[in-house]
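Below are two complexes that have chain A in common, paired first with chain B and then with chain C.
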Partner chain A sequence: MLKVTCGLVGRLMRRIAWATGTMLIAGVALPVQAETLTIALSSSVNTLDPTQAQVVGTDVSVAAHLYSSLVARNADSKLVGVLAEKWYPEGDSTWVFDLKAGVTFADGEPLDASVVKWNIDRIRNPETKSRNRAWFDPVSGVEVVSPTQIKIHTKGAYPTLPDQLSMIFFLSPKWMESHNPANEVYGTGEFKLKEFVAGDRLVLVRNEAYKGAASPFDSVVFKIVPEPAARVAAISTGEADLAFDIPLEEVERLKGGGKTNAGWVASSRSMVVRMNTAKPPFSDNVKLRQAVNYAIDKQAIVDGLLGGLGTVSNCQIMTPAYFGYNADLKPYPYDPEKAKQLIAESGLVSGTQIELQVPMGRYFMASEISQVVAAQLQEVGLDAVIREYDFSSWVQPYSRGEMGAMSLMGQAWPTLDADGQLGLYASQNPTAYFKNADYDAALKAGRATNDPKDRLVHYKQATEIMCREAPVIFLFAQPFTYATSARIEWKARGDDWIRAADVVLK
Partner chain B sequence: MSRYFLIRIGQSLLAIWGIVTIVFVVTRMLGDPAVLLLPLGTPDSQIQELRSSLGLERPMVVQYLDFLGHAVVGDFGLSYQSFRPAMEVVLERMPATAILTASSLALGAVLGAATGFAAALARGRFLEFVVMCFALAGQATPVFWLGILLVLFFAVELGWFPTGGWDGPASLVLPTMALGIFVAANITRLFRSSMIETLSEDYIRTARAKGLMPRTIFMVHAARNALIPVVTMLALLAAELLGGSAVTETVFSWPGVGRLLVQAIDSKDFPVIQAGVFLIATIFVCINFLVDLLYTLLDPRIRLGR
Partner chain C sequence: MRVSSKFGSIAGIIGVSLIVLLIAVALFGPLLGLASPTANNLMARLAPPSFNTTKGLHLFGTDQLGRDVLSRTIHGARVTLTIGATAVLLGGAIGIVIGLVAGYYGRWVDAVLMRIVDVQLSIPLSLLALLVVGTIGPSLQNLIFVLALTSWVQYARVVRGQVLVVREREYIQSAHAIGLGDVRIIFQHILPNVLSAALVIATIELARVIILEAALSFLGLGVQPPSPSWGRMLAEGRSYMSSAPWIAIFPGAAIFITALSVNLTGDWLRDLLDPKVT
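So, the complex of A and B:
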């Protein structure tokens, strides 16, 4: 019923939107003075405490404006130094960071090597209860060499440590003695917090003490706009300059608006249909797993459902943005005949019901995609049955290792590194649903060295194994849609990071 | 009389306790928040650690007694998401909800009373039909749909008001209209039928027989008495709206309690859910209590009946 209403309302909305589209008027023009950038976030900012921030698209991105990290990933997915001048591995169990001199907090307290150590040790300390402690599990110690040099020692190699450190921000030890970072902000970032209206907006103003390149914006406002139609409206009136997760049908309209612009970028999240290879019918049955890959017309889903916004995965769960992407792999072609043949060879008892679980409210068009997948599986003679779950009730059994036969989901890893993303399928992971000794060995070898060339060799092998063994149906990279006002340009990126630094004022 | 109020207070406390208890049990049935709070791929040992630091590994009874012990002094624990006291997290969203409630009730009450009165007077005429059609449509229209239309028309096309957010009086107009129309529709229908009923009472006939002016009869004798159920309805709507209208708040990016609670349920932020429900239940019970009081003032029959 709800769905019917939504569809109806959606159609009506589009009509009205179309009718009004030509009559859009510009937002109230502000007197030329301070430049303000207004960014509409799709969900609430939960905490200001940077040591507890986890969600890149909200909390972590906001923290990155207020605090400094050692390194940051910029829009073309390269790491650049923020506090760090340069960084390099020393042997296989140490990372050296040379810090920029002269960075200070507002009261003149220097942000030097000892402060960096204090912060990392604080996160590693179980007493702090930082939710991000797991990232530092491989770290064995932090050594201050000089005020501008720090060595991070690791148990064995930790090739992705610099990437992980792009999400770690530094607090002042002195300030922390008498303040709570969950309520207040005291950082060394480009901006300072001026106003925080819970659930509505954060107003940031330029931090005069910041020594790096000056932002063209004197002020950055993050507005929380949870409803997609409201984000479209805010962009249309010029109330927001940048908004994300724009409904597909609105992207074209806003693109042609003249007053607005819109587009999409392949996100770092790969949509897959996972198969539980620990349970029949998919356990020990690589033919059946390959068959379902042949049975699905990935390109048709992208073209038909997503209006062409999306790129079919090349038989791996990584996009080219990831370190370790294998450019040699090609998608399983759509070949229902071959699928039928493989199913016959697989020895699947006909009439076996296969559950396709669909967690709702988390992944883009999950319901529609799963319906196409189920229909195409039925076409090759499989009895696929869709079961939709509320995300939080789906994730419980999933995280315990009790997923159904199949489940639609999206997977991404914030460091954009094969180690994390492919590690989701390492057999010691309770949610791997896949057990392959060669695959595990390749991942382990990839982690055992800090040498990128060497690592690539191992990930090439791991992705080949995963493609052949097919623990998932490889679908496509989820599109990440956005819209902007005409006065700015956004260097689009699909890794969820939202930074004022990626915005150019026209 | 005082005995009656003591009993009412006792009943109110019992109701709040009951609601809080039910919510406690239901949240525990939602499942384990620890899994949702940590990044994917966190080792099991750390998930276990977080669970025990949140006190969730203890037996339900122990958790419950601990929760009650703290709740009576207003301590609902720290929010799992924002690391701040849960009651504080809820209370800081209360002003937005309270303002929207007040403005939409005021609009709804005035509009609803006027149209309801008109419909009652125009009984059997075309005007009544028109008013009732609008009232019915107003009640049947989903608030979010109406909200989006209002935004498209008044904010996007005409540019008179902001599309959403909470920033000055202008941003209050559209959400007030959306909710106010819903409130008005309810009041119109209720007031109309209440008026019609009152007009058939014996004392109205007496008043007519006395030769009073129709205006006096309508305004003083009928409308005042017909307002009694409307007061109850307004109070109940107030209590409902103070609980936050998640849908309206979402459409207008309004930072109220309703949206907060939906988000808290989604992320299994138990302390915030509990603090929020406690607050809403308390408001609801208090308002009901006040309505009972008001009733005895408005209608002597109820006072004397006791």
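So, the complex of A and C:
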């Protein structure tokens, strides 16, 4: 029996050796062993339906493996073509996309301009109830010029349309007649779905029909691991190759391990303390709003609390990754004396209690940051009182426009464009808590043209106004931490996108 | 029997002395002149416990904001014990009265009150706490109110069961016979007989209430920072468990000692009050 097994194994080994040899000779660099990439996600994937996907870090990223978009943002935060060969504005109210020819679904159905139009029209149709419909509100029509060219007409300029299209994926109209994309997948992406266990894992395998550059991985597994300590353990034991939101204290340890690697990258999310400029004491009181900016030692928070992992915001809520970032602005220096002087000039009645709201379980180190902020505000004589809320009971009054005097929060916009991020403070937005006619005008001007140079001028102005008017305490860009196994390398990016294409097998 | 009762009294002595010690710490600890429990020092954060005084003496180490864990644990005793004791007393008072009334009057009074108990039990406690604090807002009083709200049903059910037994006894019958009023019978003749059971519940509830307070603090519904409470310290220390375990260990040990001492005392009291044992 033993002999037989040995013989079998021996024969098998020889055959493998022979097969490998011929492959090497033939110059085919096929991996002998099936390579699996395991990625630990910090929160659950909620839907497989790409028209309902909105959260970049989970649903949208997964959809990007299964489906194709016209364009994609790569790790250097540049837009690159996927289905689109090139794209350019035509006047101020049309975007032209030239499509690559020959992209097909598994059964040979081509993904051409008419399919793109069908998908965009489907999202725009109110009956689809797509959560992404609002992105197409400025779109007035889609025109198929030829199978490889499509024109998207917009009401006025829509400069961020290509960015937004990086989150739009294309379904097969024929397949959709008899299938539900919420449970099934049929796309033109690099991978296809093998298994989906809600709340636990997704198993993706290579899509043979995909014609782009072949991934070094035969399969990609997304594992849902919500607990940070469990993600650290998964990396340490080699159960996962890539994990995110690693506790800061663990980053150094995993970095030095030899078997693992870890690091951080400045994310696109800016941490701020919002002030409600519609309510006393911060309404009509620029001096007080500036005073609290002088009162906070941002660098000490980054160095002390975050162990240096983070970048102090230079008086704006955008990081250099954003289009419209203003490199000329300087952060408010830490100057408690100046803060005290401004508070005295602001006419604040002493003893006024200022509530600092803190939504829990959402933002990175919210509890620690808010306690330091409150303590520093107390040092300059303000009576800041922390009020912690669970996220849902905080967000409801917040979205109704009933935020307290101050609230800690993080803000990011997936297109990495000033239009979206600064638009959070445009006065027509119910959660702006800021009203400034010049600011609104600058944003409107920035949206009125597709010319990037022209737009930059307006955003420079808008960021200057926001810095001076200080509707927030500008804190820092939240660090995005990650850890990897030793066998891979990840092109770190801070915009929440997770793609197997950013992973290099060593 | 003798051995166990002797052991019972030793355990009782330990329990009572620990409680006395805890109360003493809560009352006089803050007068020891330790570092402020709320003063941040970002340069000295996550310092391990040591006798080294170069960075200031931190016997229990410092926490994630560089605050002295010893000082916070001692100040936390006051906050935690106040919350725990008040919530347990309040919940106990409500629960005992409802249990007495339900058990004594029986019939539809019992039916109505016990259905309320069932409804309360069918709602997950943490959800109830979230709902209530979410509606009325987080504060110390509201926290105590919510914790009491989650604990009264335990007393009500146990006390009712005891009352059902006690009310059939001869001395209650005779109390009826000599024309005593319901209130007097309930509070003078029935209550003392159900109190020992309630006391045991109270000892269990105290530990549970402290832990639930930790859970609420974790969601931002508990004691508001920077005030120290053991539950809050435990919740905050959780994310530093692998790098700075002392942040959670010391308040965790304090909760453990409190629960242990109260349980020992409770057992001892129960034996003391139970006529069958002596």
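Observations
The working rule: the second predicted complex is superposed on the first by the 474 of 506 C-alpha atoms of A that agree within 3 Å, B and C clash if a C-alpha of one lies under 4 Å from a C-alpha of the other, contacts with A are read in each partner's own complex, and residues count from 1 in each chain.
Following the convention adopted for this analysis, a contact is a pair of C-beta atoms (placed from the backbone, for glycine too) under 8 Å apart; a residue touches a chain by one contact, two chains touch by 3 or more.
Computed from a predicted model, the values in this text were never measured in an experiment.
The partner of chain A that touches more of its residues, comparing chain B with chain C, is B.
Once chain A of one complex is fitted onto chain A of the other, the partner contacts of A:327 are absent, as it touches neither chain B nor chain C.
Legend: residue contacts after superposition of the two complexes on their common chain; A:301 is shown touching chain C, with no touch to chain B.
By the touch criterion defined above, A:229 lies against chain B and chain C together after alignment on the C-alpha atoms of chain A.
With both structures placed on the common chain, the touch criterion links A:349 to neither chain B nor chain C. When the shared chain is aligned, no partner comes close enough to touch A:437: not chain B, not chain C.
Of the two partner chains placed by the overlay, neither chain B nor chain C lies in contact with A:213. Applying the stated contact rule after C-alpha superposition, one finds that A:393 touches each of chain B and chain C. Residue overlap on chain A between the chain B contacts of one complex and the chain C contacts of the other covers 229, 361, 392-393.
Residues of chain A touching chain B in their complex: 5, 9, 13, 16-17, 20, 23-25, 27-28, 43-44, 46-47, 49, 52, 54, 126, 129, 131-135, 137, 182-183, 197-201, 223-227, 229-230, 233-234, 236-237, 239, 361, 391-393, 395-396, 399, 413-414, 420, 423-424, 429-431.
Partner chain A is touched in their complex by these residues of chain B: 30-32, 35-44, 46, 49-50, 53, 81-84, 89, 92-93, 96, 142, 145, 148-149, 151-153, 155-159, 162-167, 250-256, 259-260, 263, 266-268.
The residues of chain A lying in touch with chain C in their complex are 228-229, 232, 247, 249-250, 253, 300-301, 303-305, 358-361, 367-368, 370-372, 374-375, 385-390, 392-393.
Per the touch definition, chain C reaches chain A in the complex via residues 38-40, 42-43, 45-46, 64-66, 130, 134, 137-138, 218-222, 224-226, 236, 239-244.
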